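Presented below are the structures under discussion, each in the form of structure tokens.
Across the two complexes that follow, chain A remains constant while its partner is chain B and subsequently chain C.
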Partner chain A sequence: MTSKSVISASELSVRIDQRTILDNLNFEVGKGEVFALLGGNGAGKSTTLKTFLGLMKPSTGTASVMGMSVAENTNEVQKSVAYLPESVTLYGHLSGYENIRYFLSVAGVEKTDDAIHEALNKVALQENAWHNTLSNYSKGMRQKTAIALAILRNAPVLFLDEPTSGLDPAAIDEFNSLVSELANNGATIFMVTHDVYGACQVAHRIVLLSNGKLTGSFERVGDTPIDTEAVHAAFAGRK
Partner chain B sequence: MMRFNDIKREAGFVFAHRQFKLTLLVVFLLSTAALWSGHAEMQAQQATIERLLEKDQVEREAVLSHQDSYGMVAYYAFHLTYAPPSPLAFAVVGERDVFPWKHRVRMLALEGQIYESDTDNPELAFLGRFDFAFVVSVLLPLFIILLLYDLKAKEREARRFDLLNVTARNSHAVWTSRTLVTLVPLALVTLVPFVAFAIVNGASVSSILLACIIVLGTISVWSAIVLAIGAAQRFAKYSATHLASLMLGVWLITTVIVPVTGHTVINAAVETPEGGKIVLTQREAVNGAWDKPVEETWEKFIETHPQWSDYTAYDPKRDGSFNWKWYFAFQQVGDESASELSNAYQQATIRKNQLAGYVSLLSPSLLTQRLLSNTASTNVQSMIDYENKVRAFHASLREFYYQQLFAAPEFSESSLKRLPQFTTSSQFTTTPMNTQENTNEK
Partner chain C sequence: MMSNTIKTICAEQWRYWLRTKVATTVLILGSVLTLAALVVNAFHIEEAAHARENLQHEAEERFLSQPDKHPHRMVHYGHYVFRTPTPLSVIEPGVDTYTGNAIFLEGHRQNSAMFAEQRQSAGLTRFSSLTPSFLALVLAPLFIILIGYGSVSREREAGTLTLLLTQGASRWQLVLGKLVALMLASSIFLLPLLLACLYVAFSNESALVVTLFCLGYALYFLLWAVVVTACSTLFEKSSASFTVLIVIWMSACILLPRMGSSVATSVEPSIGKLEADFKVEEKLRNLGDGHDVNDPAFVKLKQELLDKYNVNSVDDLPVNFRGIVAQYSEQRQAVVINEFAESRMQEELAQARIARQFGWLSPTVALRSFSTLLAGTSIETHHRFLREAEILRMQFVQGLNKVHVEKLDYKLDMNRNSSEEAADKAVVEASNWAVLSEFSFQPEAPMARLSSAAMYCLQLLLWVGVAALLLKLAVRRLNP
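Moving on to the complex of A and B:
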């Protein structure tokens, strides 16, 4: 792990019932980097994510966030990260605004109404929807609500699980812009996805995961997005 | 550690659910309806006792004023005995549905008079009356399951579980405070009507507190069961629906199957004479006495009442046209012939009750009912105590009348002022008479 890495996997393996789910992963993610772990179904993406979130223990090796071993400092790590699950299912009977208030309270974070309004404006959630119950939100609106929550938590590290799954193209563009802005502001973003195009648009680095092993890596050079064709070929070939 | 903010937040969260508020309303209505039903039943029982007490007095006075021999008075005068409902009986009708709580007894053989009394609703002993105890022990666990079965499973299914755990400053505080703000209102809507009815019925503070502790204990035990199943690693992958089925299975086994099986096994295991057999044995002894030599009855009577051995002679001129001493003696002998059966019946009832106590350790619902019925004095022991009070009272009647009949003082209406009166206290005494002083010549 370099001194600049915010997230790192060192010889990380997870075995469940004698089945190897993750096999000796090694990578580092630096501050302000958007890192995409790309893999098909059953590749081990969710297990990797859960291990970094402290929801699963590694069998061997170390998963570290902000220089702390996740397994040994789960609570501390969880205070430093924000997590956007796939299909963000916040509470349907609460409004977007109430959901944010609720989760901020759960996190023990106090924010003024103005701060919440600012975050909701930042993620471009229409103002007339703020106080509607979440059950009336589209997936994109729920996604924006969750990102507003992450912004309000000032978490330096964001873990995103299939963030663009189910979003329409316009919503994906909006989302990618938000992610880029957060990264530009210093947030480290770790996303797992099987969306090759989306990952290439937003990620600084894409790492391929197949059967629990890292099988390839692609890096953005300057402002040019990673070559979708190349990633797709590598991804399709190893899926 | 849980903070006030956690409680406040989760209270707002839980109360935002319409289903939760509706559930609380239903529990409140069920609790109130059950209490009202029990209150009305106990008011009716109390009114019956008061009405009977009034009529009992009037009727006995009429008998006493129209008779001129102790034998006739003893034969015709009825005496009301009763077990008044305790101040908490409205909440736990308990064994008052199964055991008789009022009798009208006279000097005839007693066992038949006790066991002749039909119970009002014997089948309710099996099904359980819709009273507060039923709501607490049978229905409340279902509402606890309804409110808590998916505490975590629902979040897992909605894929919020990880989000909550990762986001929470203290994830235990989320679950603990959410459980608390669910259970405290549930306890309140159950107990507030109970406390109100208990105050109206004049229950003591200690008994109200004890009943509240039992209800809170029941809520705690069932919550622990539901939460333990929900948290068990073994069931971690179960859906909320599967978990609910599992919890309902536990409810069914502990609330229905264990008590019903226990009831059946206990009844099969504990040999109990039938009440009808007691009545029959006593009646056969009484009826048979008419055809037996008088001496045979006296012999048996004197065995248990040796003090009257010198007073069995019959003087038609003095004692009237009919030998009342002999008549009441064979009533006594009739009782004694059934006493072994009667005693066995009571011992069997006590034994069954004791075994049911052991079974209740496997059934939180049954245990709750028993604890509540102990608190409300509507348990088996209370009803046996009443039955024994009737026997004690009847014994005091016999003591009084035997002194009049055997010692045979001249009939005096004023002596009837010492006639024992049934009271709900356990002691029955008659003023001892000096038989020698009052003895006429045999």
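Moving on to the complex of A and C:
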């Protein structure tokens, strides 16, 4: 792990019932970097994410966040990161505003109403929906609520699970802008996705994961997005 | 001290319950039912206590106001004694519901207690009797299950568990938050009981007994809250958690208590009342007819008396021979009657003790044993009432027999059936009816009740320990 890396995997392996899910992963993610782990179904993306979130323990090797071993400092790591699940699962009986208040309270983060309103405005959630119960929200609106929560957590590290899945193109653009803005402000973003186009648009680096192994890496040069065709070819196994 | 995270999770669980109509309905229904049962039971017991007091007074007055009569007619006229229920029977009527608390005292027979709730009513009433203890023992756990079976599993099913854990909440904080919320919900069912106990504490009952009685129920509710939370944590699906909890509830609250009774009656079988009555009658017949002075059973008694008073005929005795025979016969009959009664009580006690061992298998049985023993509504207390009533019966009957011996002339007595005039002469003055002793039955002393209930407190504590271990296992296995 370099001194600048915020997230790192060192010889990280996870085995469940004699089956190798992650096989000797090694990578580092720097501060302010948007890192995309790209892979198909069953590649091991969710297991990687769960290991970094402290929901699974590595069989061998280390998953570290901000210099702390996740397995050994699970609670400290969880307090320093924000997580955006694939299907945003907030409470249907609460409003977007109440969901944010509750999760902030569980995380031990105190925020004023103004700060919450600012975050909701930032993610462009319509004001008239703030106090409606979540059961009336679209997937995009739920996604925005969860991002507002992540922003309010002031977490230096964000883990995103298939963040653009199910969003319409306009919402994806809004989301990508938001991720870029967060990264520019110094947040380190680790996303797992199978959306090649979306990853190329927003990521500084894309790493391919197949059958639990890292099989390729693509890096953005300057402001030019990573070449979608090249990544797609590698992802589809044509290269 | 409880962490803020636990408080937050607990508060959110309550908000969910309050916004979910089903949970709110269960909470309201449970607390209203408990409160209603308490109020109805308290009124009923208060009313019954007054009625008993009046009946006791009335029975005494009626007995004492009887005119000059033959003393043996007064023996058969009989008398009632009543037992005032213990203050805690408002909550835990125990065996009183079936055994009753009034006894008709008369010569030559030992009557069982009567005026029991279940004896006065049709058979179906047995199933509709909502006593506060039944609600707390059987229905409250069901309500706790209905409210809490999905408290943790719902988070996993909805996917919010992952989000919660990644906010930095530990598994224990999450589960404890849910448990505290469920404990608070359970206390809604406990609150009416506590209020009733507070009322009882001012009704001449030991404060220590009342406090331990409340603690027993609090421990029972805590136990169910822990079991429900543990199952909700252990099972991935709410439906699985619900099914398992219902099976546990049915076993603990319905099947095992009944199985305990069935096993007890199989291991310690007792003969039926009719069969026992026939056997008693058969034995009593061998003792001779106390109404007939010429019965061969009393030849020896007659000779002893003639020798004692050095006379040749019973006519010359200074005492009424019929009265002596009645006294003698009653004494011998009492030995037989008490032998059967003791044997029946020992069988009932042995059965109760076997049934109580099922407290190691069911916390419901454990609390039932604990609360009836503490409340003074156990079979032991009932047996003591029967024994004390029997002593009173003997004092009453033998008191009248003594009047028969000493105050009624033998010749007048023997001629009583010859004419109406003779019958009128074979009487004693009504002033002789003052043979009734005051009867005031008291439950066992608090320390005696505490000592007999200690074992069942241990059973309850063991159950709480088992539930705590189950919760620990569930938390260890909790994964999104």
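Methods note: the second predicted complex is superposed on the first by the 237 of 239 C-alpha atoms of A that agree within 3 Å, B and C clash if a C-alpha of one lies under 4 Å from a C-alpha of the other, contacts with A are read in each partner's own complex, and residues count from 1 in each chain.
Rule of thumb we're sticking to: a contact is a pair of C-beta atoms (placed from the backbone, for glycine too) under 8 Å apart; a residue touches a chain by one contact, two chains touch by 3 or more.
Since this is a predicted model, take the numbers as computed values, not measurements.
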Clash or fit, chain B versus chain C on superposed chain A: clash
Partner chain in contact with A:T215 - chain B first, chain C second, else both or neither: neither
Touched partner set for A:Y83, first chain B, second chain C, both or neither: both
First, second, both or neither for A:L55, with chain B first and chain C second: both
Which superposed partner A:S69 touches (first chain B, second chain C, both, neither): neither
Partner chain(s) touched by A:V106 [first = chain B, second = chain C, both, neither]: both
Chain B and chain C contact sites that coincide on chain A, given as residue numbers: 50, 53-55, 78-79, 81-83, 85, 87, 89-91, 93-94, 102-103, 105-108, 153
Chain B residues touching chain A - in the complex, by the definition given at the top: 5-6, 9, 12-13, 16-18, 158-160, 162-170, 174
Of all residues in chain A, those that touch chain C in their complex: 50, 53-55, 75, 78-79, 81-83, 85, 87, 89-94, 102-103, 105-108, 153, 159
Parts of chain A lying in touch with chain B, wherever the complex brings them together: 50, 53-55, 78-79, 81-83, 85-87, 89-91, 93-94, 98, 102-103, 105-108, 153
For the chain C and chain A complex, residues of the former touching the latter: 4-5, 8-9, 12, 15-16, 19-20, 158-160, 162-170, 479-480
